[in-house]
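See the structures that follow.
What follows is a pair of complexes built around chain A, which joins chain B in one and chain C in the other.
Now for the complex of A and B:
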């Protein structure tokens, strides 16, 4: 349908609306970069001319807060979750899809059922459990519960459906072992699925807030979102330093998105397939 | 024959081995918490000790005006934010798909960009932008649109507006991408046929585009509803602990505060979380039914 193909006024209107949406969408990004070069007052007032305060903001951000450590904590947690998540969920999705059995299908349906349970309902008993295991205030407490993801298993299973079972059977006929088939034949041809899942897991973990907020107690264990939120709770808020930290916390996801746009969106859309 | 049976058993065992790690993790971090919550929900914490009170936590909820108001806020945000966002996302998707010829890629990229930011970052940015003496008020005053600064964060009404605006900024581009894919999957021949029959563009839009997009729209409503039911980051950071005076308090934030701040009553917090699960479940059920009926109707 070309609602406005021959009506140039309509085309102009569409362009104006899209431009407005673009400005509103992009503006906060420009503003946070500019803000990182301004003194706190100019950040607040909304000065849009870049200033010369970046070095001092950076110094404040790294002096009063251990910015490199928070960044490293976040990165470590996200990468560990991606590695274990791809391994566990990849195997699970393959098992559910390519070794059909009634019993496993029933298990899978139970897994799917838990998708509607909001996180807030799980964090209280989980907190008690981790307190009992003496694992509070550890990065393991963040990584362990987020490895298994029903959504990722579902997403990967949908993709494994497209892998022809005949190839697996042919490999079996050639005498290949089940594990070798999965690792040497199936996995390499499912790279796109693994990349999309990795991006999804990474971003989810990089941005996760509620559970780390509950489990992390000491400064040295903080992740970027937790550090940012505790800065916003401070008595005096260092707006310039905050802008530096916000920029840095957005950067990895932004880079991932710009570099791997297609897989990024494929990961999102996996849920509608 | 016997050999084949043992081979089948071997394959079945391998299947279990594949899914075993995920099932173990599921039992530890999903099943066990769910089961243990059945114990917590019947108890009341006082300091370090807790006692059995049966359904007492649910009776207490009936008298808890703040919790009821918090749930009310969840519904309010749903009622205003989701239609606003779906409308904008649909409008942008249609304009992007049919309104322009060039620069589709860059526009889509730019409008999707907010979806890469974490909710914590969104909250921080909006909190700084919307200070009483902050940028937005300055711009609005200079443009003579308002005379007095608006209390985006300090006024009970405007704080709710702020939450809706921040959520809309974060999620519109995200949902637009879904709608775009939906639009692109519509067969152009349908429009050509409608054209031949003399259907106007507006009629085509309401009679063809919208009905064919219903599944995608429903999907977006389902995920947004469940997201809004769990709203936490924004009221905790952007309007600072559900302020002003609980005006933006949400169920999830209230549960968190009851469990980990105010009186560390895990029992009461668990009971409230049951209500949130129940409501989410009801919403999901209704929406899935609608989706199912829509599929059948085709």
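Now for the complex of A and C:
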């Protein structure tokens, strides 16, 4: 009996903690949705009851901004970064893990060290580089520097560690080429790793603000986060309209995550099929 | 085999990236007659510049004027461009008045001297020209005003048994305002002014109305002036008599003026949008001139908060055209241009600082949203001409923060006297700037 009571007390406590965590993480989303139906004064007042101003907020958000275009720009940039990012970082991680050499760990440590350099410190040198390459105001300027990611290389390398080297050696003995081994044998078993890397890269790029803000110089090339900050105007902030755009910009991340949740978690735990 | 494959992949990838890059900027430099303008609010300054472009295009149909709506952090972009010797910069950009002096100091050759290009600055509100002047060079074309007034709730004044008409349009002194505030507070319980205690704006408005400066000619701090002491003493008095409804943060302040917490506030013309966003405010507000601090030479019943101006970059490839756009539309009193100023006032609430424009029909029209249909634009425009010039200087921001902190501590009793508050502000300023 007492065991059951202990268990249920623990369970109640766990439920309370989980409930609190749920409220804390769900509340911003609720407020976001509710806020998109309120006028700016009510958003400021902290009103939590849905209002009737969604249509006027929608009109404000879409009147001066080409939202479908900004959405498409963001999507294009994020997808290109994911595709090139998986390719480049996948090769790099595989190389670092499965091709032993003396310099390997030294190079890798230098790469890891670059993680401590804050992005803001790189903005002006990078801006000058891209100005020199005549790539300012292009989506290439946003995609190119985000392809190589030390974090993703590190993360994928950790997962490649679990892939048995014996299989690679066996394939080599059977006469398979190195590229074929990587593409046909290694990659298919590392699906979960690739999926979680893809989600990570996508979310990172989808939300990226500072660098696109600096390099994008014309309306037609803007991305969603920049559109959101554009809603903070000269003398007023249209909170309702901002909430509308935020609602839209959360959608792809939400869909992507819900669709790939299982693989994402498996990838984080590290799995080889 | 292994090597050749990896080299091939590396080359293919590089090629793909380079091709993608080339394709995306393939529309390179076409030599058209084009002027690019950066500003940041589609319903305000972007709209105004679009109207100006339409006027300009009537006389110059072949010219393309591209107006880009930048996010708020436009300055970060401009700094990157200036650091890269003008790469990626537009021909014209809008700068906040309180920020421009730092740019003019840090990048002395980055902007075109428009006085040398023949702009007549006597046609603009004098206070706007101060921040854009360095020596005998003047760099900008003034855009909007932040002409200020004292916004009062007539319903609370009436509830206190007073007649709002006795105050309407009157040049009040601060002692008269304090007397009014005490009566309103006694009868209605409402403090007179909504006050954002972590913000410097209201104190700045008062100091500017005295004609005082925060800095001396040589750039050193000037907080021990009579004007500044009297302003700080006034704030302490308002605070001690319970006439300030204090909130922290801009959002809470906007919320305060729209939720009946106080009987008024001191701020600029552009608050009109926020006041009108709440239908219940209809008929209740009137705006009187910024009150006067007595006994300071050069003080006026006028001040300013906010505002920005247009600048041409020296790196512009179409400099003559950019200058012509600003000069021939924004700074020339033709009937079309005056109508343009009249239009942007009505449609965007943008009140220009070009003095000849004040005769426009939208300037003189009554506004039925305000108490007794006050012609709000006419009044703000007439006060604008009397605003004393304030030089912000490159160190405006650290000074602002230091004074705001000291004032807050003074109000909360952590600092005992005005002298100590000034000393604390000076010390913090010195710590941040090193001089």
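By our rule, the second predicted complex is superposed on the first by the 225 of 273 C-alpha atoms of A that agree within 3 Å, B and C clash if a C-alpha of one lies under 4 Å from a C-alpha of the other, contacts with A are read in each partner's own complex, and residues count from 1 in each chain.
The working rule: contacts are C-beta pairs under 8 Å (C-beta built on N, C-alpha and C of every residue); 3 or more make two chains touch, one makes a residue touch a chain.
Here the structure is a predicted model, which means the values were calculated and not measured.
A.B. asks: So, A:121: does it touch chain B (first), chain C (second), both, or neither?
C.D. replies: It touches chain B, and chain C stays clear.
A.B. asks: Counting only touches as set out at the top, which of chain B and chain C does A:45 meet: first, second, both, neither?
C.D. replies: both
A.B. asks: Just checking: does A:214 make contact with chain B only, chain C only, both, or neither of them? Give me first, second, both or neither.
C.D. replies: Touch status of A:214: both partners.
A.B. asks: One more residue to check, A:236. First (chain B), second (chain C), both or neither?
C.D. replies: After superposing on A, A:236 lies in contact with chain C but is clear of chain B.
A.B. asks: With both complexes superposed on chain A, which partner does A:96 reach: first (chain B), second (chain C), both or neither?
C.D. replies: The answer is first: A:96 touches chain B but not chain C.
A.B. asks: State whether A:65 touches chain B only (first), chain C only (second), both chains, or neither.
C.D. replies: Only chain C is touched by A:65; chain B is not.
A.B. asks: Looking at chain A, does chain C or chain B touch more of its residues?
C.D. replies: Touched residues of chain A are more numerous for B.
A.B. asks: In the overlay, answer first, second, both or neither for which of chain B and chain C A:88 touches.
C.D. replies: A:88 sits against chain B and chain C alike.
A.B. asks: Quick one: classify A:136 as touching chain B (first), chain C (second), both or neither.
C.D. replies: Second partner only.
A.B. asks: In the overlaid three-chain picture, which partner chain does A:54 touch, first (chain B) or second (chain C), both, or neither?
C.D. replies: In the superposition, A:54 contacts neither chain B nor chain C.
A.B. asks: Following superposition on chain A, which residues of chain A contact chain B and also contact chain C?
C.D. replies: In chain A, positions 44-45, 87-88, 91, 123-124, 127-128, 144, 178-179, 214, 229, 232 sit in both the chain B and chain C interfaces.
A.B. asks: What does chain A use to touch chain B in their complex?
C.D. replies: Touching chain B from chain A are residues 1-5, 10-11, 13-15, 17-18, 21-22, 24-26, 28-29, 31-32, 35, 43-46, 87-89, 91-92, 94-96, 98-99, 101, 104, 107, 111, 114, 116-129, 144-145, 147-148, 150, 153, 178-179, 182, 203, 206-207, 209-210, 214, 225, 228-229, 232, 239, 242, 246, 249-250, 253-254, 257, 261, 265, 268-269, 271-272.
A.B. asks: Over in the complex, which chain A residues touch chain C? Could you list them?
C.D. replies: The contact residues of chain A facing chain C are 39-41, 44-45, 64-65, 84, 87-88, 91, 123-124, 127-128, 131-140, 143-144, 177-179, 213-215, 217-219, 226, 229-230, 232-237.
A.B. asks: Chain A touches which residues of chain C in the complex?
C.D. replies: 1-2, 5-6, 9, 13, 17, 20-21, 24-25, 28, 40-46, 66, 68-73, 76-77, 79-81, 83-84, 87-88, 90, 251-252, 254-255, 258-259, 270-271, 273-274, 277-278, 306, 308
A.B. asks: Under the touch definition given earlier, write down the residues of chain B that touch chain A in their complex.
C.D. replies: 11-12, 14-19, 21-23, 25-26, 28-30, 32-34, 36-37, 40, 88, 91-92, 94-96, 98-100, 107, 109-114, 116-121, 123-125, 127-129, 131, 133-136, 138-139, 169, 172-174, 177-178, 181, 188, 191, 201, 204-205, 208-209, 216, 219, 223, 226, 229-230, 232-233, 236-237, 240, 251-252, 255-256, 259-260, 266, 269-270, 273-274, 276-277, 280-281, 284
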